[in-house]
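Heads up, the next two complexes both have subunit A, just with different partners, subunit B and then subunit C.
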Partner chain A sequence: MNSAIRSGTFVLACSAVAAIVFVGAWTAGNDYVFFAGYTVLQFVVLATAWNILGGYTGYVNFGTAAFFALGAYSTVFFHKFYPMPVPVLVIIGAVVSGLVGLGMGYLTLRLRGAFFAIATLALAVVLQTLVVNWNYVGGARGAYVIRPAAVEGLSLPYIQYLFLIMLALAATAIVTARIVERSKLGFGFAAIRDDELAAEASGVPTLKLKLIATTLSGALMGMAGAPFPYYIGYLQPSSAFALEYAVNSIAMPMIGGTTSWVGPLLGALLLGTLQQITTVTISSAVNLLIVGLLLVGFVIIAPNGLIGLWQRLFRKQ
Partner chain B sequence: MSYDLLLNAVMAGLLLGGFYAAVTIGISISFGILDIVNIAHPAFIILGSYIAYIVNAQFGLDPIAASIIALPVFYALGAAIYQVYYLSFEKRGQDPLRGLAFFFGILFITEVTLVLTFGVDYRYVQAGYIEQSWHIGIIDLPLRMLVPCLMSLIMLVALQLFLTRTFTGRAIMAVAQDQLALQLMAADPIRIKRIAFAISIATAALAGAFLIIIQPVEPSIGRDYIGRVFAICVLGGLGSLPGTLIGAVLLGIVESFTATFYGPSWGPAVSFGLLLLTLALRPVGLLGR
Partner chain C sequence: MATQLLDVERLSKRFGGFVALDEISLVVTAGERVGLIGPNGSGKSTLVNCLCGTLVNEAGTVRFEGRDLAGHSAHQRTHLGMARSFQLPRPFTGMTVADNLRVPLLYTVGARRKTLTESEIGTRCEELLTLVGLADRARHLPRDLTQVDMRKLELARAMATEPKLLIADEAMAGLSNSEVNDIVGLLIRLNEGGITVILIEHIMRAVMSFSQRLVVLVSGKKIADGRPDDVMRDAEVERAYLGQ
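Let's look at the complex of A and B:
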């Protein structure tokens, strides 16, 4: 009961922060803030989603791009097949990616961790090949998704509307991660991460928990991908399946710290903002190099991320 | 389906498989024997291709000769990477998650550095035999496929002899199974692992030269090989070199058939699909222990 109240307070706090962020972006009076902010928030969702499986459960997923692209391409499909409002598409994206996450888990989670990681990489390539050969969603040429100028019934420019959706998704992802972290589910995940065999022996239903983790993580990634075609306007396989989603969603939690929901949020905000700045000021290739160097640097020097550094600094005193 | 088309598809698959064995052999050593999930291996292969390209373009040297000159450099690079990996992850007993992230980062850094240095244009090498082809009856044997295939078989046999006939080689085979026993034989497990990992990276220099002889190379094609090498490695049974060759030839033939009868755009899905199938149905591989 007590924890339920705390969760309620946390949801309120998250909504309040989200409202402040939106009003803040709005007062800046520049659409670029929304464009850049959308990307950073998208990384908050992806990093938090990755961390539910990678950080809590200890299974590395290299296929973030695959789940993200599934969400994006389900939107492209329905945009042609039967247009629907973006929030509905977000739910569809979540269902599609969540189901694929579940299937992926069934196929590989009985194996050692490394195989799961490789299989996720494989999944990304298999899906990309399928999309490239599927003409209905544009094939290798890509697909145009024309963004409406404004939303019906809302007096908002479309980019602000998309920003708002992504903001809500980021809040959803963080609240989900926090609830998981503090529930019995989260303790089960941590048991799997620390010693799967011991967890299994003490009666933790490891396979079931791992399947929940892959489904949840996949669904959140799919949600992040669903509004993407409207944001970018022209979706081609190489941009939806870009490796930078995979490397970013791993680097951000690793840099922030993988044990709690704060880590991915912190990492995504820092790294996402840094990337927006370097993309504008230097070049996008250099910004990817920076991500790679930070990732390697952090796993070697500060294996528990910024949170670990913080704790080490303040607990010693 | 015409008879000579079929025969040529089989032949092309065999040649491709020989080359794939060279690409995979490094992973068979690092992942199969040492249990180090070096997903950056394909990036080192591309690095090898670019070194062969530079030497070939500057001095007109044969790409394979160039890569043999580069072997010590790659060996040293491999030893250095293992040292970092050992100190940061194996020694501290860190969970394998961070080791994986480490190699993923290295893969990315190598690829982006190559893009920043050479751009995304396709590069190729020049050598007398690349455009020649032998014809035996109805079978075509393009030398750009045959030469890498034969060289890779030589490499495979040499490594297999090294691993089974020399003390160091046998120590490498033993290191994953019983480190204590190895220490009792007066061999330092860390040194043995370092040598083995360095050899695995050195094979990437040669495999890279083979790759750029077979096809033009640009930095991101390494990613296609991540699936292939792990598919072959898993298919052949981890850490077995004969298994690696069988897995490689099998994948080569399947890919060659797909390309001949369905079109090359389905190529990447074949290896990864095969990998997913193997993982789901028979994770110990064909020659698994």
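Let's look at the complex of A and C:
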């Protein structure tokens, strides 16, 4: 009961912060703020989603791009097949990516450590090959997705609409991660991360929980990918399956800290914003270099991320 | 007539060409304290792993309260009331000592009773930690514990599943005399509380003071099973331990 109330308060707080962010972006009076902010928020969703499997449960997933692209390509498919509003496409993206997550879980969860990571990377390669050879969604050529100038029934420019959707998704992802973290499920995930054999001996149904983690994580990544074709206007396999997504969604939680929902949020805000700034001021190619350098730095100085660093400093005082 | 809690029949396990367990049969009655001994590599831990579902045995059956356990995974066996401690302590390193117990409480006791409130979990954690003498360590991380405390945590976590049968796999290796007495005392108290205990141990003093019955494994075969004093006088056991 008590925790239910606290979750309610947290949802309210999240909504309030989201509203402030939107109003803040709106008062800047520049559409570029929405354009850049969308990308940062997208990484908040991806990093939070990755962390449910990678951080809480301890299974490193290199296939973020695959789940993201599944969401994006299900939108491309339905854009041609039967156009629907973006929120519906987000749900479809979640279902498709969630199901693939479940399937991937069944096939790969017997693998541990590096082997699991390699298998997830392979999933991305296999799916990309499929999409490249699927003409209906554009194949290797890519697909144009012409977005409407404005949203029906809403007096918002389209980019602001997309920003709002991504903002809602980010809030959803964070609320989900926080609920999971403090629930029975979260304790089960942490037990799996620490010692799978001991978790089984303690009565934790490890396979079932790992499948829940891959499904949940995959679904959230698919949600993040679903609005992407409307955002970018032209989707090709190499941009949907870009390694950037996999690298960033691992680096962001690592830099922020993997044991709590705060970590991926901090990491994504920090790294995502930094990348947007460098894209504009220096060059877009510097992005990944920055990620790499920051990762190396954090592994050496703060292996438990910003949260770990904070706790260490806080305890010493 | 006392009820059979565990009934192992002609259980065999091989690793490639190596026969680790060769047609082991063993019956454990509810409420018993059984000691399981054998030289290194005789198959004791393999037997525990087969009983608890960590390994799958190729032949033979394991029955628990009359139920055939074939196809039951480790966590399902824990739910039925089998608990084990690991030879080398395997605590959940990222959680506090109290949270280490919270996991089995949530997943076994909570699942059986449907409702387990936060305050009930807290009380139960406290009870278990007091029972093993770790009450003042509740908020510490496992890495801050000493070896003996780590083994006590291991036992407490097994106890948190509210088992009918507790299998303690070398719970005392590397401990000092007084620490061994501590753990033996603890296991006897648990047994008096109604839990059947199988103790796997090298320290003969502990095994002899604990066991009501002694089972000896050598090279994957059961060579003796009976009252501890009789078993220790057995010529075959003597040969296995002391050589000819």
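Observations on the model:
Methods note: the second predicted complex is superposed on the first by the 317 of 317 C-alpha atoms of A that agree within 3 Å, B and C clash if a C-alpha of one lies under 4 Å from a C-alpha of the other, contacts with A are read in each partner's own complex, and residues count from 1 in each chain.
Here, contacts are C-beta pairs under 8 Å (C-beta built on N, C-alpha and C of every residue); 3 or more make two chains touch, one makes a residue touch a chain.
Here the structure is a predicted model, which is why all the values come from computation and not from measurement.
When the two complexes are overlaid on subunit A, subunit B and subunit C sit side by side with no clash.
Touched residues of subunit A were counted for both subunit B and subunit C, and B has more of them.
When the two complexes are overlaid on their common chain A, residue A:133 makes contact with subunit B while staying clear of subunit C.
When the two structures are aligned on the shared chain, A:205 is found in touch with subunit C, with no touch to subunit B.
In the superposition on chain A, contact is made by A:288 with subunit B only, not with subunit C. By the document's definition of touching, neither partner reaches A:31: not subunit B, not subunit C.
Applying the stated contact rule after C-alpha superposition, one finds that A:62 touches subunit B and leaves subunit C untouched. Once the two complexes are overlaid on the shared chain, A:193 sits against subunit B and subunit C alike. Superposed on chain A, the gap between subunit B and subunit C at their nearest CA atoms measures out to 9 angstrom in whole units.
Once the two complexes are overlaid on chain A, the subunit A residues touched by subunit B in the first and by subunit C in the second are 193. On the subunit A side of its complex with subunit B, the touching residues are 54, 58, 60, 62, 107-108, 111, 113-115, 117-119, 121-123, 125-126, 128-130, 132-133, 140, 193, 243, 246-247, 250-251, 254, 285-286, 288-289, 291-293, 295-296, 299-300, 303.
Partner subunit A is touched in their complex by these residues of subunit B: 31, 37, 39, 84, 88, 92, 94-98, 100-102, 104-106, 108-109, 112-113, 115-116, 223-224, 226-227, 230-231, 234, 265-269, 272-273, 275-276, 279-280, 283. Interface residues of subunit C, counted against subunit A in their complex, comprise 52-54, 73-75, 78-79, 83-84, 86, 90-95, 99, 102-104, 106-108, 110-111, 118, 157-158, 160-161.
Partner subunit C is touched in their complex by these residues of subunit A: 2-3, 184, 187-188, 190-191, 193-195, 197-207, 259.
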